[in-house]
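Presented sequentially are two complexes of chain A, the first with chain B as partner and the second with chain C.
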Partner chain A sequence: MEFFIAQVLNGLSLGSIYVLLVTGFNLMLLVAKIIQFAYPQFVVISMYATWAVLRATNNVILAILVTIVVSIFLNLLSEPIFRRITSIKGTDINATFVASIGLSMVLVEIMSHSLNQGFPISFSDNWVGGSVFRYGIINISRSSIFAWVGGIIVVVAFFYLLYRTMVGRLFRAIAENRHVAKLFGIPIFKTSIMSYLIAGLLGGFIALLLSMLIGTASPWLGESVALKVLAVSIVAGLGNLKGGLFVGLALGVVESVAIGYVAGSWSNVIAFVIMLIVILAKPKGLFGAAVE
Partner chain B sequence: MSSTLMYFLGFSMTYILMAWSIYLPYRVKHLHFLAVATMAVTSYMGGILSVNFGWSFLPTLLLSIVIGALISYLISHTIGNAPTFTVVIVGITFVFIIKTAIENTDYLGGTIGLFGIPVLDHPLIILFAFLLVIGYFLYRIDHSRIGRAASVIFTDENLAKSMGIKPKQIGMLFQTISGGIAGSAGVFYAFFVGSLFPDFFTFHLIGTLMTILFIGGYTTMWGVIPAALILRGVPMILPSSIASWRLLIYGVLLVAIIATKPKGLITKKMLWELLKKRSGS
Partner chain C sequence: MNNNGTTFLKMNNVNVFYDSIQALKNISLEVAKSEFVVLIGANGAGKSTLLKSILNIQAPKGSINFKGKELTKLHTDEIVANGISIIPEGHLIFNSMSVLENLQLGTYHGKKKEQSIENIFGYFPILRERKEQTAGTLSGGEQQMLSIGRGLLSDPELILVDEPSLGLAPKIVNDIFDILVKLNNVGYTILLSEQNAKKSLEIADRAYVLETGNIVMEGQADDLLNDEEIKDAYLGGSI
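Up next is the complex of A and B:
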């Protein structure tokens, strides 16, 4: 039982990261109307930035700042590409998905050829942090607490922004109906830029939390994470923010428990098999899709 | 014929087959990456049947087409009219599961790979003949009532339904045919290369096929032919220092094409105008 509880706690940390990733992904889907498959790649590149700054200066504050700036910069840099694609008559959201796959391929190749000579990176023990609480085999690390607390704070802040502020109202209006929102004078371009900026900020936090939690990164990390984020988003219902919270946490727990009980790479498959069964049973998601 | 040219043509033709297997379901907006998982299944099935049971090429090919179509048919019951991204994630998830299953099964060679598959005597002639048959079959579908119905579904599914078209039936049919074509591509690949590695069936293969389809053009079946020859074939004859950046070049091209010519370089309209001009002159 102790082992199970330990794995569930680990799963909740991992699930918090998935929740944040899916939230950023859904934000861009709802407001900018794009499927940003490369979003997790931006997070991984930001992790590389954290690693590089820590290695060069060992300055934590600078590392945090640079990570967030890099993440925001990458997200904003992709905006003109997606704006161009969505502005072409006759294109739909599929085109943004295809372009983001292209973007993802470019980023993976750059990382695997140029960053750390393609080798995976490891963060120092100081950054990853040691144990804060131990009871038998239940071990709560500093990074787990950061993931839980960080996850809760960021999600609460995001939902506050979405439901209690003017910017959130604009986001929801565009998500509901872009054309009507435009007729009401909502600045689509500015609001869309804002969504990239917030997704970038969120991506920076995710990069910091993920680097602490798993303590390593590789050029191929983004691909598997992107697949999980898209799967979580579809299982929850494409663009369904609240559903994403539940399914993201559930994926983290299932994956962690599977890693604890199933040997080798089969553990990764279990979470995918469960998600596949859910998708096949309910192709439009458990909580209903906000975007068709 | 030099071995480089043989590999260039053989790989290009296999990729054309695979690109067609993704092209057809995309006629109804289904990015059917299950085709890649099907290719993995039938290539390993073909390899095992030939190495361990002494099956020859032809019965293996026929069985693979049936198995490939059957897998896709069974799954199409749930994703026959599913949204695009549901079809995408089902396909990619299957690729991931099949790859992991192969890596963890010693009987299939695990991560080391499966070797000793007998290579065909005249693979290019057989592959070319098969490509012509499949090409003619797809051409007939494209120019049939079903092909026209698919075009309406692509443009507006609600309009298609109001015209009495059944998107799920057409989606299921196209996914099943796609599975059959991918099944055949798997066996051709196994009997052309002679060895199989699970690392071949990854996200890179999906990315390459997407690049071929979207750069060549998804509105006509002809676009993937030059795209496969140029994108998959040319890197084989380039120096390795440049060829190792292949995926980066694919990615840049994919983004550039989607941002400038989202329907790809060769479109149905372009071919139609070319045909009209020629018949006029």
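Up next is the complex of A and C:
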């Protein structure tokens, strides 16, 4: 039982990373109308930035700032690429999916050749932090607490933005009906840029929390994460922000519990089989898709 | 027709195409400040297309001038910011949002804040009662009121109203038309599109008649009301 609880707690920290990832992913899906498969790659590159700054300066504040700036910058930089693709007559959201897969591959190549000579990086113990609470085999690390608390704060702030501010209303208006939003003079282009910016900001937080939680990164981290983010979004219902919260957390827990009881690599298989069953039973996702 | 010699809205030789289909053909039309102009036409005549072309939704060819600015060069959001808003056909609103949120969205371009949400509740008290309600669950008439309220909140000078009577009971239609007259009386310029020719000619100053993308007649609303051809085609014979 204790072991189970320990795995659930681990799963919740991993889950809160998935939640943040799928939230950024869904936001761009809803507002910018893109399937941004390379979004987790930007998170991984931002983790490399954290690592580089920490190694060079050991300055935590600077590392945090640089990570966030790099993440925002990368996401904004991708905007013209996707805009170019979506502005071609006859293309739809699938074109952005294919393009982002390509982008993702290119980024993996670049990282595996030029960042730390392709070797995985690992973060210092100072950054990762040790255990803060121990009860039998239940061991709560500082990074888990950061992931939980950080996850909750960021999610609450994000939903506050979405439901209580003008920018959030613009996001939801465009997500609900682009055509009507345009008729009413809502600036689609400017608001879309805002969605990249917010997703970038989220990505910065994710990079920080994830680097503490797993203490390492490699050029190949992003792709496995991207598959999960996509799966979470589909299982919850594409673009369903609230559904993503639940399914993201659930995936973290299922994966973590599975790791506890079967050989490591099977945990992915188990998680994906469960999601496959869900999607067969509910093709539009557990909570209903918010986009076609 | 023009106040102080400056043109307000002036469309000159405007053509609009949907791919290869031409929906508007050489449209030239003027609206003076504070005027109430109605656009009459049957289904598919091009009324909605004309109103949307002013907002540069379906890229118009030709010239559309509003207070000295060439609208065909501006994006829709810039045009709205310049003082034109549309109350679209089918009282389109954001169904999943509350009444209040729809109105708050309306204020996005409202820089002068001449209209406040409080004022809108003054025009439409029912909206105050329903402000937390999901807009999609309002009745058709209430949605139309919300749509008008939302449109006013961007502080427009010119309001484009697209077939507000569509699908509404006669009593509600009368209410809506009364509101349009009221708005015109307090200074809003109105360009209304309608199939309900009789009613709209009774309240408008001037009218244009649109047939398959062409303006086939224009004149004072009173004159058109008594025109034999108009009577036959749009007013249900000379009854």
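Keep this in mind: the second predicted complex is superposed on the first by the 291 of 292 C-alpha atoms of A that agree within 3 Å, B and C clash if a C-alpha of one lies under 4 Å from a C-alpha of the other, contacts with A are read in each partner's own complex, and residues count from 1 in each chain.
Everything that follows uses one rule, which is that a residue touches a chain if its C-beta (ideal position, glycine included) is under 8 Å from a C-beta of that chain, and two chains touch if they have at least 3 such contacts.
A quick note: this is a predicted structure, and the numbers were derived from the prediction, not measured.
Classify the contacts of A:120 with the two partner chains as first (chain B alone), second (chain C alone), both, or neither.
neither
Using the touch definition from the top, say if A:169 reaches chain B (first), chain C (second), both or neither.
second
Of the partners chain B and chain C, which touch A:136 in the superposed model: first, second, both, neither?
It touches nothing on chain B or chain C.
Contact-wise, after the overlay, does A:234 reach chain B, chain C, both or neither (first, second, both, neither)?
first
Of the two partners chain B and chain C, which one touches more residues belonging to chain A?
Looking at chain A, the partner in contact with more of its residues is B.
In the overlaid three-chain picture, which partner chain does A:183 touch, first (chain B) or second (chain C), both, or neither?
So A:183 only meets chain C here.
Could you pull out which residues of chain A sit against chain B in one structure and against chain C in the other?
none
Going by the contact rule set out above, which residues of chain B touch chain A in the complex?
Within the complex, chain B contacts chain A at residues 29, 31, 75, 78-79, 82-86, 88-90, 92-94, 96-97, 100-101, 103-104, 203, 207, 210-211, 214, 244-245, 247-248, 250-255, 258-259, 262-263.
Please give the residue numbers of chain A that touch chain B in the complex, ascending.
On the chain A side, the touching residues are 35, 81, 84-85, 88, 90-91, 94-95, 97-99, 101-110, 113, 223, 227, 230-231, 234, 238, 264-266, 268-269, 272-273, 275-276, 279-281, 283-284, 289, 292.
Using the touch rule from the top, collect the residues of chain A that touch chain C in their complex.
Contacts found on chain A: 166, 169-170, 172-173, 176-177, 180, 182-190.
Considering only the defined contacts, which chain C positions touch chain A in the complex?
52, 55, 57, 75-77, 79-81, 85-86, 88, 92-97, 101, 104-106, 108-109, 150, 154
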